[in-house]
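The data blocks that follow each hold one structure.
Shared chain: chain A. Partners: chain B in the first complex, chain C in the second.
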Partner chain A sequence: MTDGRNHGSLAPEAIFALLFLALSGMEFLAAPYGAVRILGPSSYWAVVVGMILAMPVLVLARAWRRRFPGKNLRAVATAALGRPLGVIGNLLFLAVYLIWLVVAVRDAGDLVLAYLLDRTPLWVVVGFFLLGMLYVVANGLSTIFRLAEFVLIPALALRLLMSLVSLQGMEISHLFPAFSAPLLAYLRAGLDLFRTFLPLAALFLLGDLLPGPEGLFRNASLATGSATAILFLDALGAVGVFGADLAGELAWPGLAAIHHVSFPYLLVEQLGLLFLIVWLVTFFVAASFYLHLVAAGLTDAFPRLPYSWTTVGLALLVAFGGLILPNAAVVRTIFDGLRRFAMLPAAGYPFLVYFVAVLRGLGGRKDAA
Partner chain B sequence: MAWEPRSGEKIPQETPVFITALKERLGDPPDLVFTAAGEGITVAYLASLVEASELAGGVLDPLRRMGEGTEKFSWRNLLQSLPAREIRGRENLAEAVEDLLSGYALVHLAGSGTVYSFVVSRPFRWPPTQPQIERTIRGSRLSFPEALAEAVRLVRTRLRDASLRVEGFFLGRRTRTAIALFYLVDVADPGLVEEIRRRLSRIEIDGIVDSGYLEQLITDNRRSLFPLTQSTERPDKGVAAILEGRAAILVDGSPTAILVPATINELYQSSDDYYYGLFHGSFLRFFRVLGNLLAVALPGLYVALLGVNPELLPIKFALVVAQSRAGVALPLILEILLMEIIIEIFREGSLRLPTTIGQTIGVAAGVVLGIAGVEAGIVSSATLVVVVITAIASYSGPNYEVGITWRILRFGMLFAAIFLGLFGLAVFGLVILTHAANQNSFGVSYLAPWAPMRPRALFDTITRRPLAQNRRAGTYHPAEEDRLRLKEREEE
Partner chain C sequence: MRLKLGCLLLLALAVMGCWDFEEVDRRAFATTIGIDPAAGGKVRLTVQVPILTGGRGGAVGGGESGFYTLIQTARTVNEAFAALQTKTGRDLVIQQNKVIVLGATAARAGVKSLIDYLRRNPKAPPQSLVFIARGKSAAAILSFVPPKEILPASELILAGQTVPKADRVYFIPLWEFVQKLVHQSKDPYAPLIGVDRREKCFVFSGMAVFAGDRLAGTLDEEESQAFGLLANLMKAGALTFTTAGRRITLRNVKGRTRIAVREEDGRPSFHFKTVVYAALGEDTAGRTGLTPADYRRLEEEATQALRPRLEAVVKKLQNWEADVIDCGETLRAYHQRLWVRVKSSWRKVYRQALTTVEVKVHLARDGSLR
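Now for the complex of A and B:
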């Protein structure tokens, strides 16, 4: 095992790969959930609003890279807010990712049980997930990035195909009226889907690994745009196939939309389950990335913590947290709670740190030198 | 650089300067020999390329006889005294070096700005042998000879470039095995060459019996299932690798060269991919990659789809397969495991059979045992089909070592599928991929050019890169990227 730290900045393509997988790997299958309750048939626009709301994060990432080259959120927060506040702020920021990981792993476990292994206990699936993730994070971020780059092209192609396939059997009438709610409702629905774009805030934890500001902005925007396009198609498919009412009730509407498509002439009839494997791969990479981020963030804040044991401890915590949740309804409730009370503050925290740092005259050329 | 005209450097008149100049041009290789053949007369040649008896009888002895005589030495006297042979006068050092690389001996006279090149090249002494594993339809039918001197000669005759560096090492306290390292000094990454030297120099062992020993001693990770170096028995592959900026290592007594760095992508490439046109080469490569995927995943997929996730199969298809399994005594898992084990034993056994009867026995045993097994109700015909497809597909890759890796991992896939179906396959596949992502070969990512992603180099992965692509892929950090200049482009 390594210390989890990597040296030298990442290639812009690597940022694209990891962000795309992180954006499309977490919760994508549940994309329109929540938004449909607010917007009804036109909930697919929530994806676009969510992306627009997420754009300031990208702009801040570029500004951050310019003003604080090589410095991550912890370093700047400690300097700007003072050590106690900075440490607490960062721990809370990491806690959001950790809770999100717990819920996402549980959700993915439920999904595997529902579609692939209905006679297997949940702990087996969660256990295998976490063992695999531990193996991935054991060698630090470079392995995660390589993994992300390797699976990017097949994942991107199959994910796009998956979304296009889900459009089969769509009732156009389900998608109308195209604007079915008041303007403010679109904002609310966009905020509901904003959680999907939270991986972008992870950029602030990468610090000296990030490429130059322009390369970072370009590739992060491209990844966000690509993921948004796929999410939009997913939402369109789910609402178009099932209608807004039913799509809002389904646990994984995106997958259900693909699952109902059948190709009788293929060897594998239910393409949805095969695509589920593709999604699992992207989820696995994304979840490993979060596990690494939290572990690296903790060892960064508390240098005495060994990275390897921190990852093991976190994995046990995720397993415990994931397994004590009684059912999918509770998972959804926690997701909702996260969305309402944690996601926006988490995304707002880097903004707060940045503005305090600017007000205190930190960063810039003097610091870079 | 390669496209610049050859240097117009004149032949140095002073002997020490001439010797130094030649050594500098060729990187002082171990087979570059300088012999004094009289006062002020120096003969230079590459020992790996010249015939010793020809050289002695046709050049050195007449020169020495002249030196012993009373007559004053002159070129005219010398040329008259030598047996008739192809002789060239050279005043340009670059031309003289080219002669040297073509198997000529250079005779230099102190104080003269001309050298004379005498052809003394020799034929191969090693009987040509065909590659046993890396067979191709098109391309060279020659494999590396076991004798290092012959192998060096083979590479030198195929790569007559003054930039080719040949460095010699002796390894093994008791065997003192000769090792040769080949690379192009103006193409290969200097860091790579330094790293190879470092790894070779730290080896202290009693003996190096085969290049396989060396492979395990210089690899980045001895505990990796994947071969992190590439072995080849084909000189054309070795030369192509050197041209790409990689290095080749040859061991005396072994017909297998080691190529480094190696990426998993390289291990699927066959020499003749590049000997055919773009589409033909790409077509062949695509099916090779597909064959390898089948070889690894097909039995696992079969078990996952039939045993754990049958709902994925179309009902008609599932019924046909279920019917074929009716009456089979063993459960699916045992059935396929048994067949896989038998195939592995067959494979190993047929390797030791004499080649003349090996194939016949292999086919006969396969057919007879297969039919008998189905009729006896030990295996189903569907399982037999899967196992046979897997066995044939596992031969589609040109690299034997990585083939063994996939065969081992196939069992892992099988167990993952038995316990967790498609989910198990996905998790196990990701673990394999993670392991591969962790590996480096001499500073190059094992998954390159996929990861780190080099978009230009990606064209040379599942498909073949167009030969007219005039730049080397950046995967191996070549010091010189340009490799092709077509005349039409020059005119443009």
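Now for the complex of A and C:
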């Protein structure tokens, strides 16, 4: 195992690959899940509102890269807020990713049990997820980036293709009224889907690994746009096929929309299983990325922690946290709450740190030099 | 390095299939499921299973086809399915189910509780076609052995995939049936299936329409054709009407119905505008040399013949409070304020709504004769 740090900045394309997979893999095939309850038939707009709300995060990432070249959130936060506050803030920031990872791994385990491995104990599924993730994160970020680049094209192509075919059987009337709720409700629903863009806040942790501000902004925007297009198609498919009422009842409406597709006479008559495999690959990459982020963040904050054993410890924590949740209803309740509130502190903290740093005159040309 | 190797070795275990590993020849695939009510509020589940290795099978306890049939009575469908495991040496699985037949009595009592297992179970194929047994139990349908097919489900699924069948009967997959069941602004429908024991065949003819989750009534073949036109389901119909002492059949009929909603005294009224595209299939008078004026006359005669049929079906559906033609959905989607006002009493509003039908027939061609 290495110390988890990588030398030299990442290629802009690698940023695209990782962000796209993280954005589409961590969204639990439930694009209109909460939004459909707020907006009803027009919940697909929530994806667009969510993306618009996420754009300032990208703009901040570019400004951050310009003002604090080579510095990550921990370094700037410690300098701007002082060590005690900076450490607490950074730990809370990392905790958001860790808690998300715990619930996401558990939900993915439930999904695998529901659709694939009925009788397999949950601990086996969660265990194999984490063992695989440990193997990938052992060599630090470069392995995750390489894996992301390796699976990007098939994942992107298949995901897009399946999102398009999930529109089979769509009824246009299900998408109407196109504006079915008051204006403020769109903001609420957009905030609900804002969490989809949680991986973007991870850019602030990568610091010295990021490419130049323009390359970063271009590729991150491209990844966000591509993932949004797919999520928008997923939402259209789920609401268009099942209607708002039924889409609101389904645990994984995006998956159900693809599961319902049938191609008579073809060898693969049902796409559900194939899609699940594609999604699991993207989830695996995204979850590995989160595990690395938290481990690297902790070792960065506490240099005496060895990266390798930190990842093992975190994996055990994720396994324990995931398995201790008693049932799917509890997982759903926690995940719903997390979806609603996680993004605000995750995105808000870098903004707070940036503005305090600017007020205190940190960064800029002097610092870069 | 040791940790990596250890992880790699442990991962290798994953390819062995964990706990769910089961060879195909150790599975019994339920391909058709029949659900009927049984005494004491129980359900009777009938399941057809193909015999993968060939040999004897058929109706319960015997027959010569490539399948066997199992029946189990229990308190719930899931319990019945689980109990059927005691009747087969293999693992009975639902992943390959193609057809769900609901008995007429079960459908009249309400289907929501009966299909919960099928919609909740992610392994139950959402593409399975739903049928309602015409005046019989589902078990009676499933006990029939068609001589031409090794597996009855194959014939039923084949029928569902054949476009020209979209004339007197309209097939519906489970996911769409559930979708219509869940939505307040819609009601489900399903094709009727019967058995002609003299000619030894299944008969797909007529439609079952629901008000909520209860079977409200059935439409005969001609009424089903009108329903197909109103619900935009007809893909290749064959409509016959009589005019001036001769019988005309239109073939390759497709319809497109748009519903216009008007608000009168705070209540909606519905105007159905149906445009029918067809070719002349048969004229018992054997007329040839049709001129544009003859086309216009035929179109007018077809319009006059079709409109009362469509009106009658709309009225019938209203009386049954079965909104299978998407009046409520049109209201919900395009007239939201009005829908919000009436949705709590939608069935009553639908039943009492003023409805009008306008039909326009377009005749495109008349076959190989001039």
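Everything below uses one rule, namely that the second predicted complex is superposed on the first by the 364 of 369 C-alpha atoms of A that agree within 3 Å, B and C clash if a C-alpha of one lies under 4 Å from a C-alpha of the other, contacts with A are read in each partner's own complex, and residues count from 1 in each chain.
The definition used in the following text is that a contact is a pair of C-beta atoms (placed from the backbone, for glycine too) under 8 Å apart; a residue touches a chain by one contact, two chains touch by 3 or more.
These numbers were taken from a predicted model, which means no experiment stands behind them.
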Between chain B (first) and chain C (second), which does A:E249 come into contact with in this model arrangement: first, second, both, or neither?
second
With both complexes superposed on chain A, which partner does A:E214 reach: first (chain B), second (chain C), both or neither?
neither
Does chain B (first) or chain C (second) touch A:S180, or do both, or does neither?
second
Looking at A:L117, would you say it contacts chain B, chain C, both, or neither? Reply first, second, both or neither.
both
If we overlay the two complexes on their shared chain A, which of chain B and chain C does A:Y135 touch? Say first, second, both or neither.
both
Go through the superposed model and pick first if A:G169 touches only chain B, second if only chain C, both, or neither.
second
Under the contact rule defined above, give the chain A residues that sit at the interface with chain B and also at the interface with chain C.
116-117, 120, 124-125, 128, 132, 135, 264, 269-270
Interface with chain A, chain B side, in the complex: residues 305, 308-309, 311-315, 317, 420-427, 429-431, 433-435, 437-438, 445, 447, 450-453, 455, 458
In their shared complex, chain C is touched by residues of chain A numbered 1, 41, 114-121, 124-125, 128, 131-132, 134-135, 138, 169, 173-174, 176-177, 180, 241-243, 245-246, 249, 256, 259-260, 262, 264-265, 269-270, 308, 312
Over in the complex, which chain A residues touch chain B? Could you list them?
11, 13-14, 17, 112, 116-117, 120, 124-125, 128-129, 132, 135-136, 139, 143, 145-153, 264, 266-270, 273-274, 277, 280-281, 284
Within the complex, chain A is touched by chain C residues 3-4, 7-8, 10-11, 13-14, 18-20, 122-123, 125-127, 161, 173, 175-176, 178-179, 182-184, 186, 326, 329-330, 332-334, 336
